[in-house]
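Each structure below is given as structure tokens.
Both complexes below contain chain A, partnered by chain B and then by chain C.
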Partner chain A sequence: MTRRRRGPILLVLPTMVILVLVVIFPMIYSLTVSFRFYDLRVPRHPFVGFENYIRLFTDPRFHNALRVTGLLLLGELALQFPIGFGLALLLARKFWGKKVVQPILLIPMMITPVVVGYMGRLLFETRSGPINYFLNLMGLPGALWHTSANTALLTVILLDTWQWTPFMMGVLLAGLVSLPPEPYESAKVDGASSLQIFWYLTLPLLKPVIALVIIMRSLAILQTFDIIYVLTMGGPGTATETIGIYTYLIGFRYWDIGQASSAAWVLAIMLSIGVTIFLRMMGRERR
Partner chain B sequence: MKKWLVLGLGLLFVGITGLAAEKPFEGVTITVAVHSGHHATPWYMEAKNIKDLLGITLNVVEISPEEMYSRELLELSARTGAFDIVQYNSAWIGDFEPYLVPLDDFIIKTGDDFAFGDYLPGFRNFHNMWGGKIYSVTLDGDTFLLYYRKDLFENPEERAAFKAKYGYELPDPPKTWDQVVDLAEFFTRKKGEKLAGSVLTKDFYGYADQAKRGRVYYWYLFRYIPFSAPNPHYFDPETMEPLINSPAAVAALENMKELLKYSPPGVLGWEWDELFNAAMKDGRVAMWIHWPDEGRRFSELAPLPVKNPPEPKLGVAPTPGVIKDGVYYQYTLVDSAWVASICADSKHKDAAWAVLNYMFGAGAVSLKWVMSPESGWDPNRYSHVNSPLWRAKVPGIDKFLDTEVQAMQHGFPCLKIPGAFEYMDKLDLYISKYLAGEIATAQEALDKVAAEWNKITERFGRESQKEFYAKLWQ
Partner chain C sequence: MNLRTRKIFSQTITYILIGIALIFTLFPIYWMLLTSFQPSDELMQSPPRFITSRPTLEHWRFAIENKWRYFINSLIISSSATAIAILVGSLSGYAFARYRVGGDTLPFWILSLKFFPPIAAAVPFFLMMNRLHLLDTHIAVIIPHLIITIPFAVWMIKGFVAEVPRELEEAAMIDGCSHLGVIRRVTLPLIAPGIVVTALFCFIWSWNDFLFALILTRSHAMTLPVAIAGMREAHGLMWGAVSATAAMATLPVLLMAIVLQKYIVRGLALGAVK
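And then the complex of A and B:
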């Protein structure tokens, strides 16, 4: 190998080694574990073929976790995207006090999710929490929030939306301010309305950023754990038991590492398929 | 001169040997794996005394409670010898047993300086004993007691009204779950109604459980155990068939749902702080079951939420029981709290025992740390609960300490066989689903629990689980 070829390989090698050790090896190992009866408390871990996957797909609790995760994903994106986009459009304009408002809006996403979970417990407290207090002041009845199976998931969605809409807003705002000014100037000269400019210029130009932020948020939502762990622990019943909570309980509470690995792989495959489909759709529209 | 030199050397030798006798483990380092945070405080604070007295250097390794089980089990099963002493939850004994040494010989060898018999029976039998041997020493005497508003229960108007409505004297303290239901119904009142002769400024509730998913199973077990009297069990010891869907178990769960009617809205999301605050800081609950915290912090009880409240007075009693065929059955669930054991791979087992003896033997050190709010450890010995020092230092604590002794006479263990958490979590899940209305009947919910328990038992091996279950009672 010539020195010229060896140089770049040596530069990339440390990263490759770290990737293999930290990402590739654990992934392959977890794949092998998913085909074994692997209980941390039992010394032998025999090969069981697809048994862990069969147990997973026949477990009604897993079906429920899929449903809850799906609802969480849809609910959060349905709220966070329009609100985040709206705020980004507002902040893209010049107005008095913008330099104060912008960092304040970003504060929620800087708080640790565990702390947000504890804050949620206080805010949504049914007996003396401030949210029910203000509802009562307005003559409205207080809700049971996270303590009722009917409203627990909604409470999680609201809390997560409060925390992560600023992220959506920040990324979209960065996209908006980096758009080229020329098409806008031409559109204005041609007499296009604000709505037309938004629909035919801003949205198409921003599509790559939108795709990126939706994928990033989707991945993060699918990993939502801390807030639910602190706020509801997946309950009442299984009303807020997501795939993340389900996998955690199976793996780190029941120590059934084999089945937890199979659940993690199912989630990873589903995510990959979802992301690929979404990217292809975006790509097709761009073409 | 020579004579003086000989005398001097003699004294020096006596001094050195004397010192050596006082510090029998000079130069030995003992590594202790402990629960991080407040549980670690006593170890750090006593390290210097242990060094001065025994010559042992203490190496404290703090582990967060979430990773304690896995980290300790991995170290123990890999036989790394990383720890000499492990602090762990007594529920894990089924998994940890092969890697620990029984303490019987140490206790015999040291002439029972440790005073093992001084432990309250509930802790002695269900924390420390396993398969007929002593495996651990108790750090934290966690258990559950019934708390109630004695200021309300003693009110003459309320007593008369209760007798007129239910036909028997208002029970103080409540002794059975049937009485708790009557009392909860009786005391649940709306804002504006009268309570203890005065107008309520807030809604008031008869009873509350800590019913959030995750630990609601405890509040079910408080009922399940006495309802299953006279011979309560989790499984049939002969067949390992679950008894959790028996008619008694169903009645216990129905009692739980019945009491939800008299509980504050939102109890299905309540953890420790919500229940403590509603009952102790807001004063809006008449009866509840909790750990010993309220008993120790009785002076923090808020007045009743009425215009002219009487002086707050907290009642403490063992958890309610049942009467069957004229016989009263009461059991106290002994929480599988924190204990410590010596690791089989320790190279300094005698030194490790000396450390445990110093920290948790009967005497001033263990008393100091259960009295101190810094450790978070609760009393667990007769010498703790009968301590004249504690009683003199905290006037009014007597009621709690006396009740603790009374409650621990009839202890009942948490499940401790392999997979205990999984069994309990399945129970917790279906109770939570039933209380949240996701499952229609108590029988259906508990049938599902029984089916899940059978699956877990099969996975671990029925015969092996049967052996472990037998050890729980030995």
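And then the complex of A and C:
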């Protein structure tokens, strides 16, 4: 091996050492814990095999967490994708003041999620919050929002939509702007209507970017934690208890670290499926 | 409708829709700022007030006097996690871009860590820090934050290096520069803006983290987001004080977002789009 070959590996070494120590090692540790009865208040942690996983998959509360997370995923995508796409199409047009408007619309996704959750508490406040006030003004009844089991998940979805629709908008807009102009010119010459152009040109050309934003958002939604912690802590009851919140409560409220580890591993495996799809798409994008 | 009126019509619709989007985007931020400047007796009134006639600094004074140390904690933790990530990330980002170390597999594995769920790492980190008696120290939070900052830094810097034409480096080498000299005098100055952008993003991701800090700190090393979440229980209905603290947490991020505005999308999409 010459010096030329060893140099690059040395450059990568510090990164790899750190990542092995902060990712691989803790995950292996967590895997071993997930096969033990590990209650922090009890000094001994006996090996129990798959019992934590069996308890997890037979726990109705975990089934509920899966259902809540699924609903959250569908609800958020159903709102964020169409709104984000619509805004991206608007911003792809030419209009006065675009240079100022565009960065303003991106602001929400930079704000600390805990702060967003707190904003939700202010805005959705049932008695004197501005949202119920506006609803009353339009002759509609106010809602109980995050304080009722019926509307709590919807409130979380709306708040997260405020924060993350800009992400959909921004990425889709970047995709729209980089589309090749030639097919559009010939379509116009052929007299295609704008609806036809959108359906037969824009959508198919944008398909890779659309798939990318949807998978990236999905991976993030499956981990939703911060906003819910501040807004409802999984309640009322278990109405907004996502997998993330469930794992936290099992581990750090009930101190059942063994079962929390098994839940964390199930979540990590679920996500790795999505991540594999994401990496495939990134790989294709670069070729 | 002739062409002209149609154009005016579509322009008007664009402005109306953009206007609605702006109101929806800005109102929550405005509402939080307003609450932080309103005297306590004006808060949570029905009907709500949309402007205040008697602005006060009492909540901001409370936030700064009582929550300043959490602000400093956040600052220490985020700067450290950023500095380490930039240091090791520049080295490996350069190596990945120029020498294709580890082919596609290694950089892609690092990229995939951007989606690694913090809750999965939080449990073992809690046990390890507990055993090492490091709970509630800055280090206990800085170390897991590297999971957030390093993969991002590596991937972004790799992208920025790849944009520097290889010919530039080769030309300097022919002129008698050593390899390290080329990196220092040619490549580094060219990617410097990219490194600043990457650093600001790393800082924001670390600043915005809640889960690691929640589990690994109690009081001494508590970060600002954890302090904000904790105010709910401790102070019941102190809306003004919480708003001022929340605004205090938002301010640095907003300032950085202004600097970053051209790169926000690229940063969030991990360079998948420019």
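What we mean here is this: the second predicted complex is superposed on the first by the 271 of 287 C-alpha atoms of A that agree within 3 Å, B and C clash if a C-alpha of one lies under 4 Å from a C-alpha of the other, contacts with A are read in each partner's own complex, and residues count from 1 in each chain.
FYI, contacts are C-beta pairs under 8 Å (C-beta built on N, C-alpha and C of every residue); 3 or more make two chains touch, one makes a residue touch a chain.
None of these values were measured; they are calculated from a predicted model.
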Touched partner set for A:P103, first chain B, second chain C, both or neither: second
Chain A residues in contact: does chain B have more, or chain C? C
Check the residue A:Y254 against both partner chains and state whether it touches chain B (first), chain C (second), both, or neither. first
Have a look at where A:P141 lands relative to chain B and chain C in the superposition and call it first, second, both or neither. neither
For A:V209 in the superposed arrangement: first (chain B), second (chain C), both or neither? second
Contacts for A:P181 in the overlay, against chain B (first) and chain C (second): which applies, first, second, both or neither? neither
If you stack the two complexes on chain A, which partner ends up touching A:E125: first (chain B), second (chain C), both, or neither? both
Counting only touches as set out at the top, which of chain B and chain C does A:L271 meet: first, second, both, neither? second
Tell me the contact category for A:T15 with respect to chain B and chain C: first, second, both or neither. second
Touching partner for A:P46 - first (chain B), second (chain C), both, neither: neither
Shared contact residues on chain A for chain B and chain C? 121, 125, 127-128, 252
Under the touch definition given earlier, write down the residues of chain B that touch chain A in their complex. 66, 70, 73-74, 77, 95, 212-214, 264-271, 274, 278, 282, 284, 418-419, 421-422, 425, 429, 432-433, 435-439, 459-460
In the complex, go through chain C and note every residue touching chain A. 11, 14-15, 17-18, 21-22, 24-29, 31-32, 35, 44-48, 50, 84, 87-89, 91-92, 94-96, 98-99, 101-102, 104, 106, 108, 110-113, 115-128, 143-144, 146-147, 150-151, 154, 179, 204, 207-208, 210-211, 214-215, 224-226, 228-229, 232, 239, 242-243, 246, 249-250, 253-254, 256-258, 261, 264-266, 268-270, 272-274
Show me the residue ranges of chain A that touch chain B in the complex, using the header's touch definition. 39-43, 61, 121, 125-128, 142, 144-149, 152, 231-239, 249, 252-256
Counting only contacts in the complex, chain A reaches chain C at residues 7-9, 11-12, 14-16, 18-19, 22-23, 26-27, 29-30, 33, 86-87, 90-91, 93, 95, 101-119, 121-123, 125, 127-130, 133, 162, 166-167, 170-171, 173-175, 178, 209, 212-213, 216, 219-220, 222-223, 225-226, 229-230, 244, 247-248, 251-252, 257, 260-261, 264-265, 267-268, 271-272, 274-275, 278-279, 282-283, 285
